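Down below is the structure, laid out as structure tokens.
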Amino acid sequence: MIKHLLSMDQLSAGDITHILDTAEQLQGVTDRPIKKLPTLRGRTVCNLFYEASTRTRISFELAAKRLSADVINFSADSKSSVAKGESFKDTAWTLEAMGVDAIVVRHGSSGAPQQLSQWATASVINAGDGAHEHPTQALLDLFSMRQRFKDLSDLKVAIVGDIVHSRVARSNIKALVTMGAAVTVCGPPTLIPPGVRSWGVEVSYDLDAILVDLDVCYVLRVQAERQSEQLLPSLREYAALWGLNSKRLAHLPEHALVMHPGPMNRGVEIAADVSESPRSIILDQVANGLAVRMSLLYLMLGRTDDAEVAAGVTGA
Amino acid sequence: MAPGAAGAPGTPVAAGAPGGDFTVKAQVMDPDEVRRALVRIAHEIVEANRGTGDLVVLGIRTRGAPLAERIAAAIASFEGDDLPSGAIDVALYRDDVALRGPRRLESTTVPVDLDGRVVVLVDDVLYTGRTIRAALDAVLDLGRPRAIRLAVLVDRGHRELPIRPDHVGKNLPTAAGEAVRVHVREIDGDDVVLIGEKK
Amino acid sequence: MSRYLISGGRVVDPASGRDGHADVLIAEGVVAGVAERIDAPDAERIDASGAVVAPAFVDMHAHLREPGREDEETIASASAAAACGGYSAICAMPNTDPVADSASVVEKVWRAGRAVGLVEVVAAGALSRNLEGHKLADLGEMAMSPARVRLFTDDGNGVQNSLLARRAMEYLAGFDAIYAEHCEDAALAAGGQMHEGERASVLGLRGIPAEAEEIMAARDIALAKLTGCRLHLLHVSTAGTVELVRRAKAEGAAVTAEATPHHFTLTDAALDGYDPNAKVNPPLRTGADRAAIVAGLADGTIDAIATDHAPHAPEEKDQELTYAPPGIAGLETALGLTITELVAPGHLTLMQAVARLASTPASILGLDGHGGPLAPGAPANVVVFDPHGSVTVDPARWASTARNTPFAGRVLTGRVLHTFFGGSETARDGAPLGAAVDA
């Protein structure tokens, strides 16, 4: 298994399947009276969050605790280390000195987890960096899709909205393309990144035209700031052209699912009745985050570095 | 390599079980011997339990699971009533995760509430006892059985923990450098017990 | 004052057109002779066989950080770094604290440079007061001060206000001074971390489009034609800008341009690992842009190789890419990169390389005595370098205070052996020599 999880680029289809299979087994534990497993006893996981994200942090914290790892939360209110008067490298070295085994990092600056991985010997797990990637979100999304569809390689998925600023979009596109799904990105031209076709996706600016042929309509959050940045005329216009409302939901095929990474702007990218419809698996996504993160922690932290030398001393 | 071809001494076997390559020195149980041993264990379990009341048979993944099913089926055939049986995966309870790295997880299927039951754990080979220690913890996280018993097809000695089996198919004295492989037909295509050396 | 006989080297001197083996005698601060064979038993003999003897280099674009950020670099440490890099003159950018927007600041910088005495520190002046782009700085006073400011720029910022740009050019034309532009449309570039394109999309970093530079370059060329002012485009980074300069020159406009070693060496792929040392403004562009810059240097569209030496303290660069300041410290890698990337692959001759590093920038800045010709009586500003010698970039051994370079660990061809400034040896084999000349 990989040492750090920074980008979905690092995972093959086989790796992804292994992670999801493991998550499937771990999900069984959630239904048991005693939900705790001793597997990672003695390991320490640090949640290093430079952006407030209660949901992701709690999900990682619970995942680590269910596996008996110790958890420390290192939440930086300021957006960067420099605001605290120390460099990002100093922060890395501080965590290093505390002897943590894994650093789960959420950062507003793209690439911060990758930089951290060059300074720390602990495993670094990217919990969302800037507009770059959010690999564990993509894994839990695939897990959620796999619960409803047997074969991801046959799926037709549209990712709708602010692709250019979305780490969720980048990770999901890579993950889905790796699994062989057909992905279309859809949204206003100002929110589609330059060169996106080289990622192996189709581009559409017309949601109504692509709806009828989808298995999954994955809706991204659109932030109000995009108006002041001259990227959108108005949120009202966005909702009219790219918002998933009940009229558009009716044009989706019967079996098609609606997904959203949260938090939702109801009435903008998704109508309230759509998010609560039986077609929406948004709550499954949240629930599945725990099993997928447990799976990753187990697979990534299972073996200690120095154990490779010690291994092989006992016969079977 | 086809698992069925694994009988000949001196043949290296790409083993299905974890642990890498394995060179066969001798076959120590053939399919009939395995069958007889399991039937005997089934009888012993019922006798020791004075019937099948409260019994649950749980196999330890991977190769304990089909053995548990066969023992349960044998008991059902001569006692007449169906016996609950299941399988547990103990990978998450092992004490060597840090040493050997994470293992592929298999499903844990326990068909009944374990509280107040007599659980018979079934495994293919008993060696250091560490797998059984992990299995005991796993079972106790699932419920509070009245008693836990242990049945193994082969006991090869070299215990590292104070664990003793209640029912043994075959006691097999081995050297520490030797390895024991059990093949079960549900997984490996044949029922044999082999002794050999690890490469 | 010492006498040196540099013997057996290949003299490459674009100003005189000389390219051939000759001995060079330095005495009394000047070039005392250049001839096939000179006997000077009393002079210290420097064996230059296999090496090139050339006019020492002139950097049109360096950030010395003094006054204001002496923790990053000082005039003394930058002078030492320049000497080690083979330079005899460096042009100090005005974005200091306080900004060099008045005669008193430029004069202070110039005097401090003379006091150090390792290179000539040429002070550049700001175009606008405090680099804010609203009001003209004291352009005339700076031009007439003892520092004799020739080059004015708001470097770090492009001049967004076209009227201010026009007025500055009109005013400077009267002093025969140079309007130098950091071409960047601030609105188009806002928040950008790297070149806008496929790589930025993949990395999730906000991009700076090539057009942010080209739009301002085109505007400035138009205004230069209108005003008759000499225009110099700093750190050209895009193929489009190279083409704009080429066309402007063909039309006879008084436009010159420079490119940096990092822009002719690297592309935006250098950001793949989010290395803050590869973050620079203007950003590293595409392979096609890099190729256009190399072609522009070869055909003379781009006149000068300038370092844009931008020292930063380690704690500033050990930040998240988004928060790390842009810039590369380049004084001590310029020759190596020029030889390795331009001369060794055959894009430029040695003569052209020396022209871009020394004689052309000297003549743009009107720096008498720098950039050659290496003729009897000329101030002895001379570099001796081994064009085949290799050197591993090791910032820990630099004379500069800074360590920020994306080239650490790279093996470069081209090694500075000796630098002479006003007849004194200022650096030998990568280490500065303390001796200062008369101020």
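Some notes on this structure:
The letters A, B and C name the chains in turn, as written, and every chain counts its residues from 1.
The definition used in the following text is that contacts are C-beta pairs under 8 Å (C-beta built on N, C-alpha and C of every residue); 3 or more make two chains touch, one makes a residue touch a chain.
Everything numeric in this text was worked out from a predicted model, so none of it was measured.
Interchain contacts link the chains end to end along an open line, per the touch definition above. In this assembly, C is the chain whose CA centroid lies farthest from the centroid of chain A. If you average the CA atoms of chain A and of chain C, the two centres end up 45 Å from each other. For the pair chain B and chain C, the distance between mean C-alpha positions equals 76 Å. Note on chain placement: the centre of chain A and the centre of chain B lie 40 Å apart, centres being C-alpha means.
Among all residues of chain A, none touch two or more other chains. The set of chain B residues that touch two or more partner chains is empty. Those residues of chain A that touch chain C in the shared complex are 80-82, 86-90, 107-112, 114-115, 118, 129-133, 164, 167, 170, 193-196, 198-199. For chain B in complex with chain A, the residues that touch the partner chain are 17-19, 89, 92-93, 96-102, 104-108, 125, 127-128, 137, 141-143, 176-179, 198.
Contact residues of chain C toward chain A in the complex are 193, 196-198, 200-207, 273-274, 276, 314-316, 318-323. Chain contact summary for the complex, chain A toward chain B: residues 1, 18, 21-22, 25-26, 28-29, 32-34, 36-40, 42, 67, 298-299, 302-304, 307, 310-311, 314-316.
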